[in-house]
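Both complexes below contain chain A, partnered by chain B and then by chain C.
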Partner chain A sequence: MTAALAASHKIARASWRPLLTGAVLIGLAEAAKHANLLPVFVPSPSEVVMEIWNSPRLVTENLAPTAWKSAMGYFIAAAIAMTAGSIAVSVRAVYGPIYNFGVIIHSIPIIATAPLLALWLGTGPQVQIAIAALASQFPMLVGTMQGLQAADARQRELMHVLSASRVQTLWMLLIPSALPYLFAGLKIAAPSAVLGAITAEWAGADRGVGAMMLYALFSYDTPKVWLSVFLTCFLAAAGFGIWALIERLVVTWQRDVEIAD
Partner chain B sequence: MQAPPVAAVPRDIKIEQLSMVFYGRGEPVIALDKIDMNVAAGQFAAIIGPSGCGKSTLLRLVADIMQPFAGSISLGGESPRLARHAHSLGFVFQSPTLLPWRSVKQNIELPLDVVGRGSSKRSTRTTKDLIDLVGLNGFEDALPHQLSGGMQQRVAIARALVLTPDILLLDEPFGALDEITRQRMNLELLRIWAESGTTALLVTHSIAEAVFMSDRVYVMSARPGRVTTIIDVPLPRPRGLAMMRTPEFFDCVNRVRDGLFGNEQGGAPARGEPIEAY
Partner chain C sequence: MTTQTQRLMLKRLIQIILGAAVFFVAWHLIVSGLRIPKYLVPLPLDVFQAMQKNRQVIASQAGFTLSAAAFGLMLSTLLATAIAISFTMSRNLAQASLPVVLVFRSTPVAAVAPIMMLIFGRGISTSMAVVTIVSFFPMLINTMRGLQSADRNAAELLHVYGASRWQQLRFVRIPFALPYLFTGLRVAGSSAILGAMLSEWITGSKGLGNLILESGEMRETELLWAAVLTSVTVALAVFWSTSASEKRLLRWTHT
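Presenting the complex of A and B:
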C-alpha cells in the first residue's frame, strides 16, 4: 500500500513538468490561432479536438491497429536486438559484423522498402510489424552492446577476485550496469517503431493512423491530417514516456546516460 | 560476548624472481623486475614505495587478476588461481569499487551472495557488527552515491572482512580517510588480523602506518620496480597508539625512511608523488 503510494508520488513528481510543458504549448497554439498568427492550413488545437469529438470512431479504429502493430514490431526488435547485442559482447569475433549489420538495417530508407516488403510479405499487418521492427532495432542494439560493457575494470576485477561464475558476474554486475543504457535505447526506439509502422501503412493498409493520414491528405481534409499528426505524436510520446517512467522507478542510482553510435 | 572467530587457513606468500612487463605504445614498461618476497603464514607485511613502482601490479598478480611475465607466486603451496577459486583471497582496492545499485548493507554482503551464505569462510561477524565496526550506523540502506569518499572506502573494507580470507591484500586502503578514522581502522584491522590468522599484505604511502602495522616492510623503488630494502619490525604485539612514542618505533621509522631516500636526510623523493614522511 505505502509502496504503491510512494510509486504514484514518484510518477507524479516525474511527470508534472512534461505535462505542464504540453499544456502551455497547446494554450499558446490556441491563442496564436485566435490572433490570426498561424497560416490557414494550421488548425487550432480546439479544431483538432472537435474532430475527435465529432468522429470518435475515427480515432479508436485507427489508433488501436497502429498501436498494437508498432508494439509488436518494437518488442520483436527488442528481443532480437538484445539477443544479438549480448552475443556480440560475449563473442568478440562477431561484435563488428553484428554492429555493422545493425547500422545497415538502420540506414535502409523505409519509405522505399515498405512497398517492396508488401510485395513480398503481402499486405497484412505483417508488413507494418516488420517495418516497425526494422526501424526501431538500432538504439536497442547499441544500448545493449554499450550497456553490457559499461561495468568498469575494477568492478570486474572485484567479481574475479571473489571467483564469481560467469552467470553471477552477468547477474550481479553486468546486467545492472547495463540498465541505464538499455532504458536509453528502449526510450529512443519507441518513437521510431511508431513512425516505422505509420510509414509502412502508407504502402497499403485500410486501417491505422498512417492510412488515415493518407486518405486525409488526398481529400484535403486539413484538420484530419493534423489529427493524424497529433495521434502519431501521442503514440510516440506514450512509448517514450512509459519507459521513462519505468526507468525512474528502476534506476534510482544513476540517470541519463548517453548512447553513442 | 562474541562467538569465536573463523580461523583462516594459514598460507604463506612466496614470490620468486617475479617480473612484469607491459607492452603498450612506445617502449615496454618494466613494472616489476625480479621481485623476491617471503611472507610467513599469519604475518603482516607492508609495501612502501613511490608512485608507479609496481605496488598495485604486484598485488594484482598475487590476486590472479593478471598473469606474470616471468617468475612464480605460491600461496600456501598453491597457485594464485587455486587460492582464488578456494575463495581464499580478500582484496581492498585503492578506490572503493562499490556497486552503485546496492545499498551499504547489500554491498557488504556481496561476497556472501557470490560464495553462498553457508560458506565455511563466512566470518562470525554479522553485517551489523561490520557496519558498527566501520562506523556506518544509520547508513545501512544508503546508496553509495549518498556517501562521502571516505565512507565508501569503509564500506569496501567491511566487504573485505565479511569472509575471512586466508590472504588479505590491501592497496592503499586508507588513503581517502581522515587521520582519526584511519588510525581507528588501523587498530581494528590489526585486531581482526590477529584473531583470524590471516596473512596480510598492505600497500601504503605512510611510513608510520607501514611500521605500525607490520612485521616486515618491503621498500620498493621505481623504474624498474624493485625491492631495495627489507626491514623487519620486531615491535611487540598487540600494538597500541602508545607504542608510536617509543624509541624502538622511531628507530624502525628511520630505517624505512633511509631505505626510501638513502641517506640524503630530509631530502624529497626524487620522483613520483610525495611520501608521507610521518
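Presenting the complex of A and C:
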C-alpha cells in the first residue's frame, strides 16, 4: 500500500509540468481560434468539448465497444504470444520458426487481412478482435522470448550449485528476470491493439471510435473528427499507462529495459 | 568473401522460393482436399489467373501505394537526418524540443490520418503526409542514436588533429550513423507501407488499400486475394531488403 502511495506521489510530482503545458496550449488554441488565426480544419477546444456536452451518448456508445474489442484482442494475443514464447525458449528446435512466424504476421499490413477475416468470421465484432490481436502480438512475443533468456549463465549455474529444483529456478530466477521485458512488451502492444481495432472498424462497423471517425470525416464535421482523434489517443495512452502503473508496483528491482523491434 | 556471400544469398533465395512453393502446394491441397467453398478461400491457380487478368490494375494501384510510401520515406529521412544532426550539434536545442518529439511519437496512425485528410483532402498527398509522419520518429530516434554511437577514440583523434565540428560530423559521426539509419529504415519501411494503405482506406484515393477494400465489398474473392498477396509480398520485400542491407552495413562497421 505504501508503495502504491509513493508511486502515486511520484506520478503527481512528475506530471504537473506537462499538465500545465497542456493547459496553456489549450488556452492559446482557444484564443487563436477566436482571433481567426487557425485554419478551418482546426476547431477550437471548446467546440470539441461542447460536442461531448451536447451528446454524451456519442462518446459512451462509441468508446465502450472499441475499448472492449481492443482489450479482448489484446488479451487473446497476450495469452497466445506468451505461451508461444515460452515454448520457443524451452524447445530450441521451434525457436526459429515461431519467431519468424511472428515477424511475418507483424510485417503483413493488417488492413490487408481485414476483408479476408470479414469473409471468414462474419461482420460482427470478431473481425475487430482478431485484427487487434494480430496487430499487437509481436512485442509481447519478443518480450517473452527475450525476457526468459535474460538471466545470465552465472546466475543459472548458481541456482544449479544450490541444487534448486526446476520450479524454484523458474520462480526465483527466470520469472523475476523476465518480468521487465514482459512488461516492456505489454506496454508497447497496448496502443497497437487499439490501433488495430480502430482500423478494423474503418472496414465496416456500426459502432466504435473508428466508425464515428469515418462518419465525421465523410460529413466534414471537424469537431467530431478531432473528438474521435482525441478518443483514439486517450485509449492508446490508457492502455500504455495502465501497464506502466502495474509495472511500477510489481517490478521494483529493475526497470527500463529495451526490447528489440 | 564475395563468393561466400554470393553462395549465402543464393541459398537464402532458394530457401524463399522453396518456402513459397511449399506454401502454395499446401494451400491448393488443403482447399481442394477439404472442399472449402471458393468464396472463402479460392484456389491458388485461380488467384494467379486473376492476377494475370488484372495485372495492369494491380500494378498501377501498387504503383500509387509504393510511390506514396517511397516519397514519404524519403521526405522523413531527409527531415529526420537534418533534425538529428542539428540536435547532436546543439544540446540546448535537443533538450528543448525532445519532449515535443516524444509526444508526437506516441500518436497512433489512426489519429494522424483523419487530421491529414482534413488538411490535404482526398488525394495521394494525404498518404504521403501520413507516411512522412509515421516513419519520421523511428528514423529520428535511430539516426540520433547512430550519431551518438561514434567511436570515442576516433572522435578524440580528430579533436587532437584540430578538426572542425563539420569535419567531425563528416568523417566520424555520419559513417558511424549509417547502419543505424538502415535500422530506422527497416522499422519505418513496414510502417510506411501500412500507413500508405491505411490512409488510402479512409480517403478512398487510388492504391492497393482501396483495391483490397473495394474487391472485398464487391465479393470478387480472386481479385481480393491477388491484391492481398501483392501487398503482403511488397511489405515482406521492403522488410527483407532493408534488414539485409542493415546486416551488410553492420558487418561493414564491425570488421
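Convention: the second predicted complex is superposed on the first by the 222 of 261 C-alpha atoms of A that agree within 3 Å, B and C clash if a C-alpha of one lies under 4 Å from a C-alpha of the other, contacts with A are read in each partner's own complex, and residues count from 1 in each chain.
Note that contacts are C-beta pairs under 8 Å (C-beta built on N, C-alpha and C of every residue); 3 or more make two chains touch, one makes a residue touch a chain.
None of the values given here were measured: they were computed from a predicted structure.
**Q** Mind working out whether A:Leu173 is in touch with chain B, chain C, both or neither, as first, second, both or neither?
**A** The answer is first: A:Leu173 touches chain B but not chain C.
**Q** Contacts for A:Leu148 in the overlay, against chain B (first) and chain C (second): which applies, first, second, both or neither?
**A** neither
**Q** So which one touches more of the residues on chain A, chain B or chain C?
**A** Counting residues of chain A touched by each partner, the higher count goes to C.
**Q** Who does A:Ala203 touch here: chain B (first), chain C (second), both, or neither?
**A** A:Ala203 sits against chain C, while chain B stays out of touch.
**Q** Could you say whether A:Met82 touches chain B, chain C, both of them, or neither, answering first, second, both or neither?
**A** In the superposition, A:Met82 touches no partner, neither chain B nor chain C.
**Q** If you stack the two complexes on chain A, which partner ends up touching A:Ile108: first (chain B), second (chain C), both, or neither?
**A** In the superposed model, A:Ile108 contacts chain C only, not chain B.
**Q** Common interface residues of chain A with chain B and chain C?
**A** none
**Q** Under the touch definition given earlier, write down the residues of chain A that touch chain B in their complex.
**A** Within the complex, chain A contacts chain B at residues 154-155, 157-164, 168, 172-173, 176, 251-254.
**Q** Please give the residue numbers of chain A that touch chain C in the complex, ascending.
**A** Touching chain C: residues 18, 39, 41, 103-104, 106-116, 118-120, 191, 194-195, 198-199, 202-203, 210, 213-214, 216-217, 222, 225-226, 228-229, 232-233, 236-237, 240, 261 of chain A.
**Q** Would you pull the chain B residues touching chain A in the complex into a rising list?
**A** For this pair, the touching residues of chain B are 60, 63-65, 84-85, 87, 89-91, 93, 95, 97, 99-101, 110-111, 113-115, 143-145.
**Q** Can you list the chain C residues touching chain A in their complex?
**A** So the residues of chain C touching chain A come out as 39-40, 99, 106-111, 114-115, 117-119, 187, 190, 193-194, 197-198, 201-202, 208-209, 212-213, 215-217, 221, 224-225, 227-228, 231-232, 235-236, 239.
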